[in-house]
Each structure stands twice: as C-alpha cells, then as structure tokens.
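First chain A sits with chain B, and in the next complex the same chain sits with chain C.
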Partner chain A sequence: MKIKEIVTDFFAENAPFIFVVPAVLWQLFFLYVPLCLVVYMSFQYGAEITGFTFDHYKLILSSSPYFYIIGRSVVIAACVTCLCLMCAYPVAYYLALKVGRRWKNVLLFLLTLPFWTNFLIQIYSWVFVLDQNGLINMMLLKLGIIQEPLHMINNTGAIFFVMLYYYLPFMIMPLYSILEKIQHDLLEASMDLGATHWQTFRRITLPLSMSGIKTGVFLVFVPAFGEFVIPSIIGGAHHLFVGSLISHYFLVARDSQLGAAFTIVSGFVLLVCALLFNWLCTVPLQKVQKAEQKELAS
Partner chain B sequence: MKSLSSYMIPIAVGALYLFLYIPIFVLIVFSFNANAFTCAWTSFTTDWYADLFASTEVWHALKNSLIIAFSSVCLSLTIGSSLIFFGSRDTVKRLLPFFYGSLAMPEIVLAAGLLSFFSFFIVPLGAMTLIAGHTLLGLGYVIPILYDRFSELDESLIEASYDLGATQKQTFFSIVLPLLMPALMASGILVFIISLDDFLISFFCAGASVQTLPLYIFAVIRTGASPMINALSTIMLMVSSLCVLLFSFVHVRKLRTPE
Partner chain C sequence: MRSIRFDNITKYYHGELVIDKLSLEIPAGTFFALLGPSGSGKTTLLRLIAGLEEADSGSIFLGDEDITHMPIYKRPVNTVFQNYALFPHMNVFDNVAYSLTIRNVPEDVIKEKVIKILHTVGLEKHIYKSIQNLSGGQKQRVALARAVVNEPAVLLLDEPLAALDLKLREKMLIELIDLQSILKTTFVYVTHDQFEALTVADYMAIMNDDGEIEQIGTPKEIYEFPVSTFVAAFVGTTNLLKGTLHISGDQCHIEFERLGTFEVACSLEKEGMRDGSMVFMSIRPEKIDISKTPLTGFSNMLEGIVQSIVYHGRSTQYNVRLKNDEVVQVFEQNEEHFPQETIDYDDSVFLYWQKENVVLLEK
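Moving on to the complex of A and B:
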C-alpha cells in the first residue's frame, strides 16, 4: 500500500516533467548527440587507430577540389534561390491579391498536388523529358529542327533546371501565406495618396512580405545546398556537390572520419551564408530606410 | 499599356503551372505506351500496370514504407502532444528553438549524423532506426504546429468547463482534445507524407535488410528505368490527389457548418 501511494504521489507531482522528457530525450539522442559525434569523429584518425588529429581538416582546407565542390554547391544553391524568388514572387502576389476566391482554391490545390507525389518520381519524369531519346529530342527530330539528339542531361544546366522546378513550390507557399495577410486597405490608401504602382510595391508590399521572403529563401537554400538526389539522378556520376561527396564518404568509401570533417566544414560555410543573408536583409535595408526618412524630413 | 500589363502576370502564372505539370502529364501518358525504351509512341497498353501488380518487390517495399510511416506518425504525435499538453507554457516556449534544430540543417547532415550514431553504438540498421529518424523529422513539424494551435486556445473555455464542475479528465477529453483535433490531424498527415516520401534518411539508415518505396524507386531509376515506374507513379498520383480532394472537402464542410 505504502509503495503504491508513493508511486502515485510521485507521478502526480512530477507529471509535467515526466511527459516533457520523452520529446527532449528523443531530440537529444537522435539529433544533438549524433551531431556531437560527427564533430568528435572529425578529429579522429580512423576507425581502428584512435587519437586526436587535425589531419582531416588540414587535408580539406589545403586542397582545392574540396573548395570547388563547396563553392559549386553555394553558387548553384544561391542561383536557384534567386531565380525561385523571382519566379515565385509574381505568382504568390497574383494568387494572394488578384485572384477570386473560387479560382484561388483551385490554383492552390494544383500547386500543392506535386507535393503529395513522391519527389523521386517528379525528378525522374524530367529524365524522361530531357533524355537523349526523351520527349523533347523525339519531337525536335520528328519536326526536323535538329538532326542529332541534343545532350540536355548529365550537365550542370540540367541539374540547375530540375532544382528550380523542384524548389519553386517551397518558395511560393511562404510568400503566398504572408502576402495573403496584407490588407487591401493599405494598398488602396497608398494609391489614394498618389503613390505609383511601383512606389506602393516598394514601400508597402515588399517590406510587409520580408519575413515571407526570408522563410522562402531559407526553405530553398538550405536543402539545395545539401542536395544529393537531383545531381545523382540528373547529373550522372560526374558532377560532385556537397551532398554527393558526403554520401560518398559515409556510404561508399567508408571513410566516416574524413566525411565528418567535410560535413563540418560545409556546415560552417552554410552558417556563414545564412548569417550573410540575414545581414543583407537587415543592415542595408535599414540604411536605405534611414536615408529615405531623412529625405522626407528635409 | 494597362491591358498589356494586366495580362502579363496571368500568362506568366499559367506558364509556371504548365512548367510544374508538364513532367507529370508526360509520365502519365507514357505509362500506357507499349514501347519500353524510347518515347516513340507505338501502341496503347496496360501491360506495365499488370507487371506492377504482379511484382512482389513493389508491394513489399510499400508495406515497409507504410509500417514505418504509421509508426513514426504515432510516435511523433504521442511524444509531441504529451510535451504540449503537459508541459507548462513557459517550458514549451523555452524549449521550442531546441526542436527547430532538425529543420535548420540539410537533411544529409542529419542522415550522416544518425548513421554515425547508430554505427558508433553498434545499433543494427533496419526498420527501427528508420522509425527513429523519421520520428525525429516529424517532431520538428508536430511540435511547432501543435504549439501554435495550443497557444491560440481560448483559456476561458477551459475555465468555464472547470466552473461547471467537469473534472480534469472530462475537460481534457471533451474540450481540449476536440479543439486541437484539426491540428493533430494536419500534423499527423504531414508526418505521414514526409516519412513516406523521405529518401535521404532511409538511404543512410536502412541498411541492407529493409527496402522502402523511395529506395526501391531510386534503385530502379539508377539501373535504367522501366515504364513500370511510370505506372506506379500514375497510381500514386491518383491516390494522393484523391486524398487531397477528400481532405479539403471535409475541411471545407467543417468550416461551413457553423454558418
């Protein structure tokens, strides 16, 4: 009897704590401990020989191929993000502010539908379209525009194109949800006060949608930087990116120590990119705003 | 001039939708093509569908995927909702950034970390390790979504329930739970889709014993695709669009009933 009482008392008193623990433990064990382990491994000699070493970092930081691979990933991810933003903004703007309710639902449904299909299949379908005896080449040959099939796959351009295709909805969605919250009154007021379309966009719409832009850029840039599947299906085996090299070290070469060091270095580069973007979003923008305010005051 | 610019954006939007849907249409059309090697249309056939239904590998992979997805949904919903329901608001708010970690890094880093974790502690790779990884991914979505809905909850409703003499249990089951049901459903479906669709964590942590549907598809694509994949994707597209339509229909009806 006594023991039972003690147990129930313990549960009653510590219930909040007990139910919070599993989530925290799960996150700790399967996210933070593995990350620390990766850091630890990157300083180890190898699987058999234990000992502290900087050798892997020295190797990565002193040889140019690693720099090329990281640089290539940064450039392609940045280009995909920029182009996604430029394509997605008008679409999100149109969906959020210009379309009637009925059409809006239909268009949104059509936009989310590809999300529900397996993404490998989406990517594979581009192989089908772009391949040497794929759809486009077939059509062009039939029409007599070309005599030899074009090489449209297994190059960086194709990887870029398919990445743009895949990540576009990830940019449209956050932009749409932030633009939808903008009140029409604000835009109308701005127009009533004599602002042009461009001024309204520049002074009202763009600043209000800044957080959506940030989310979208984040949602596209981070996975695009570590992309593994698209280069390996579209790009053949010759185009190495950060993701392909990490998976090569961990799964093929079984050199987890060097792979861990490379993961840490590229993670650091990603962090620097994120901080740089954040700085770009705040500091120059504030400067411009301050200058404008001064102009208005004088 | 104005008429031109007012037509520009709709045309651009239409072009973008075309861009999003071209590959999907192509895939569907050519799942009925008898020619297996090129895109040249020879004749209409449903052979690939017959092949698909005859293949045991596909169904085995699908079964594995469904089991893993279902377990990850149950686990992440249980763990996530117990944190949200029983943790005090301050605790949850303070812990929230802790759960964003899995979203803030590329999935490949996560997968590499999990693989080194499992091999360091000599955990055999298989369905269990996949469930652990997918649950981790799921928690990153479940906890923020549930927290959002929970903090919007009108506390006066709970107080009213207590004032009217309901016990804690009654309040929970007849007030709190029904109000949070849409959020639970939505995040559950999201985790299910994420788990079913996940490739990278499965690729790293599945080992040789378990094959999920994405792993099977990847293997087939890598070794030279067969139109069977087209047939499979057509069926998956049909099923998923039916689910979305059904879901949005239920959702819309629910929204309309109060009026």
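Moving on to the complex of A and C:
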C-alpha cells in the first residue's frame, strides 16, 4: 500500500518532467549525437587513416566550385521561398478571410490532397508532364502549335518550377492559420478609423501575420536549400545543389569525411541566412519605434 | 456634431429581414441611446451609420449629406467596438494615433492631439504601454480616445461597457457623460441594458424584437409614460393588469375580473381608448404603497397575500398574490432601521396607489 502511494506521488509530482523525457531522449540520440558525429567525422583524415585534420575545410574554403554550389542553392531556395510567399499569401488571405465556412473545409482538403501521394511519385509525375515525349509536348504537337518538342526538363527553370509546386502548401498552411486568427473587428476598426483597404492590409493584416510569414519562410527555405531529390530527378545530373553534393559524397564517392565537412559549412551558411532573415523581420521595425518614442519622450 | 437621419431603411441579413422601413432622426449634439433586446437590430442600425453594413433600400443622412453609399473610410464617424478591437501589435500611443497617422497628419500635431486626449481620458501615465498590459477599464479608455481623437461628427458606441464589472461600469457611464459634454459630439449608444441607457441618454429610442422603434423620448418620458406594454416592461419593472375600460362623462374606470372596478386618470387618453375596450393598466412597483392596516387618502386599494419577499438593501420587493391569482410586485424603500410594522410571508396586506400614477396601454 505504502509503496503504491510513493509511486503515485512520485508520478504526480514529476508528471511534466516524465512526459518530457521521451522527446528529449529522441532529440539527443537522433539529432545531437549524429550532429556531433558529423562534426567529429569532418575533422578526420579518412576511413583508414585516423587523426585530426583541417584539410577538408581547407579544401572546401579554398575552392570556388563549392561556393558556387552553396551560392546557387541559397539563391534558388531564396527565390523559391519568395515566389512561394507571393503565391501563398493571396491564397491564404482569401481562404482565411473571404471564404465561407463550408467552402473553406473543402478548399483546405484540396490543398492537402498532394500530401496523400508519395513524394517521389509526385515528382516523377512531373517528368511525364514535362518530358520531350511528355503530356504538354504531345498536346502542343498534336494541336500544331509547335513543330519540335519543347525543352522543358533538365534545366534550372524546371527545378525551380517543381520546387515551387511542392513547397507551396508548406507556405500556405502557416499563413492561413495565422490569418484566420486575426479578429475581423480589427479590420473593421481600421476601416472605421479612416484607413483604406490597402492601408488596413499594410498596417494591420501584414504586421499581425508576420509570425506566420516567418514560419512559412523557414518551412520552405530550409528544406529547399538542402533539396536533392527534385534537382536529381527533374534537373538531371548536371545541376548540383548542396543536397545533391552531400548525398554524392556519402553515397557515391564514399568520402564521408569531406561530405561531413561540406555539411557543416553549408549548415553554417543556412544559420547565417536564418539569422539575417530574422534580423530583417524585427530590427528595422523596432528601430523606427524606438526612434519615435525617444522623440516623443523628449 | 451633426444629426443622423434614417429614411425608410430596410436591411436584410443572410436573407432575413432585420429592419423594415425604419425612419429615425437623431438630433445633433445629443447623447442618444438605442435600447432593445438582443437581436432587435440596434447594432445593425449602428453598423449602417458606420458603413460596416450597407442598407438594402432607403437613405441615411449625416446632417444634410447623403452617406448611404459612402465608403466606410470616408465617413466622419468613428466607433467604439464592443470588445474594443484595439490593435494588439501597437502600443497605446500608436492605437490612439492611428486615424491621424493614416491621414498623414504632421507628427508634432499627432503628438499634441494624442497626448491631449489621453489626458482627457486619464491615461497620460500609460502612453507607451503595450495593449496586452492594460486592464479592462484602461482598454475601454484607449478605445474611446482612439475613436474621438480625430474629432468625428458622430461617435458610435456598441455596448462599450458590457465587459466591465458593475462598479467600473457606473464610473465609466459618468465619464462618458462628461466626455460628451466636453466634445459636444453626437453620441449614439447601443445597449440592451436599460440602466445604462437611462443613465447616459438625453434621448433614447426603444426597439422591439421585430426591429421596429416603439418609442422615442427622454429617459423620463420613456419611464413614466411608456406607449406600449413592451416599453413599460422592457424599461424598468412594471405590473401589467388587463381589464375593461368604462368611460362615463369625464370619469374613467377600469374593471378587472374578480377584483372589481378602479378609478383611473383619463387625461392620458389616446385614440382607441373607448368605452368597453380591453386595455392594460401599467403601474410601477415603487408607485404602490403596501400596508397591513387600512390607509386613507388613496384613490385605489387592492387586497392580497404576501407570497414572497426579496430584500434588495435600499428597498424590499414584495410579491403579492391578488384574489384572481395574479401577482403584483411592490417596492418599499427601507427608510428605517426598525420599521413600525413588519410584513411577513402569508400576511394579508392592502395595496394603495394614486390614480394619476398608472398608465393605460392598448397593446
């Protein structure tokens, strides 16, 4: 009896801690430990020869092709993110603020429909659409609009387009969930105080949806930066991205040490990008506010 | 300060008729209360003035200007919303300054105006506080300041005090009256609370469940001389007894079944008040005197048995069952610590009233 009480008391008192333990352990063994292993590996000579070395970093930091690949990944990921944001915002805005409740659920369901299909199948089906003998070319040839098949695959444009297609829902969802929480009477109050539709959007809707924009940008930018499936399927072998190079080192070239070093370097670049974006979102705004307050206080 | 005139306004809401051919004039510079039960369309009237809804037919005039189809942001009308609708990402100053900022008013003018109005509403110590850190009463004041800082021709208040506790509500009511007398703006105050309406209004309109206006007048007129049983029962508490009217010369009597005949004053007689017609007699509970012993000097008297007693502090409410099983409410002021006669449950009592203190109503 007494033991039972002690056990129950222990669980009752430490419940929050007990529930947190599995998640922490998971993170520890599947995120932090592997990360440490990667860092450790990046300072090793090779699989056979053990010992500490900076050689891999020296190699990466001294040769321009690596920077070119990282740069290209950043630019593509940034462009995809920007375009996703521009396409997603009107959709999310319309869904959250303009559509009636019944249609909202239908449209949201349609939006999540692609997730029901395997990722690889989604990407491969684009090959069948864009290919030389693909759907679009066949239709255009039959209709007599073109004489020669269009070259629509194995180029950066195709990669860009398919990435946009794939990542769009990841941008719409966080935007939708934040826009839906905006109380309608705030927009009414703004208009009532004399603001036009555009001014209301600029001064009320946009600032209030900032956290959704941030989430969406991270959800798209981070995986888009490391994307290697879409470039390798849609872009062919010629378009190397950060993700494709890392997978090449680990799976094909079997040079895990160089791959690890490259992973660390590109991870660092990603971190810098994230910090830069975060700074862009908050600091200029705060600066303006602080300046105003200072002026008013004087 | 401008007047508002509704001219044959009709409004459907989700296919349902809310307001049917309503006409109403709100005089310039007055504190006007729109009082009605929830769902009576009073908020819809307010939203029509603000431009948040558009009328299906009819016209709305602000002074001499037809504003029926004017876009919301062009109307010189501001609203205090029920749940304040303060912008959560701005501090007190930016909220209040909003209407000036979007009009590109010079910054020094904005600063001057905002600080002045924040002084008026007593928020000068909280200028840079975040909205989240304010109490309910403070939020209310920010909403008020934000709505009046641009000096609108009309200020609309949509149940502005509904979220506050009783003491604070009473305090804010007095502040609202003061603010209106300083600004001289036309205030339109929507509420379902008759106490609030009676307290603040210069004039008030009573709306019924069908979105019609039953009566317009000063609070005193509405309370003392209601035109219908709806108004009599909605504003304050009243006793309604149905009986037959008898008119002989300049003498009027009303006959209640199983209770007898009582003298009533005829001076308030309206059209349709004919000999033999069925009418309601409305008498307020505080206008009846209650006693266990017979009194003199009253024109009318009824007998009954005390069914229940509710002690309110400043007054006591007696529910008295009459011979015809109807129950009449009586309020007695508790003027003394030790009253000479104490009335208890099941006591047999006499109810007295003066014939001038009753109102006869057709419907």
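By our rule, the second predicted complex is superposed on the first by the 262 of 298 C-alpha atoms of A that agree within 3 Å, B and C clash if a C-alpha of one lies under 4 Å from a C-alpha of the other, contacts with A are read in each partner's own complex, and residues count from 1 in each chain.
To be clear about the criterion, a contact is a pair of C-beta atoms (placed from the backbone, for glycine too) under 8 Å apart; a residue touches a chain by one contact, two chains touch by 3 or more.
This one's a predicted model, so the numbers in the text were calculated from it and none came from an experiment.
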Fit-or-clash call for chain B and chain C when the two complexes are aligned on chain A: fit
First (chain B), second (chain C), both or neither touched by A:8: neither
Touched partner set for A:282, first chain B, second chain C, both or neither: neither
Residue contacts with chain A in the superposition, chain B compared against chain C: B
Chain B versus chain C as contact partner of A:110, first or second or both or neither: first
Touched partner set for A:188, first chain B, second chain C, both or neither: second
Chain B versus chain C as contact partner of A:204, first or second or both or neither: second
Which superposed partner A:177 touches (first chain B, second chain C, both, neither): neither
Partner chain(s) touched by A:196 [first = chain B, second = chain C, both, neither]: second
Minimum Cα separation, chain C to chain B, after superposition on A (Å): 12
Overlap of chain C and chain B interfaces on chain A (superposed complexes): none
Interfacial residue positions of chain A with respect to chain B in the complex: 15-16, 18-20, 22-24, 26-27, 29-35, 37-38, 41, 87, 90-91, 93-95, 98, 105, 107, 109-122, 124-129, 131, 133-135, 138, 165, 168-169, 222-223, 225-226, 228-229, 232-233, 242-243, 246-247, 250-251, 256, 259-260, 263, 267, 270
Residues on chain B engaged by chain A in the complex (per definition of touch): 9-10, 12-13, 16-17, 19-24, 26-27, 30, 37-40, 79-80, 82-83, 85-88, 91, 95, 98-99, 101-102, 104-110, 112-117, 119-120, 132-133, 135-136, 139, 143, 193, 196-197, 199-200, 203-204, 213-214, 217-218, 221-222, 225, 229-230, 232-233, 236-237, 240-241, 243-245, 248
Of all residues in chain C, those that touch chain A in their complex: 50-52, 72-74, 77-79, 81, 83, 85-89, 93, 98-99, 102-103, 107, 111, 127-128, 146-147, 150
Residue ranges of chain A touching chain C (in the complex, touch as defined): 183, 185-186, 188-196, 199, 203-204, 207-208, 293, 295-296
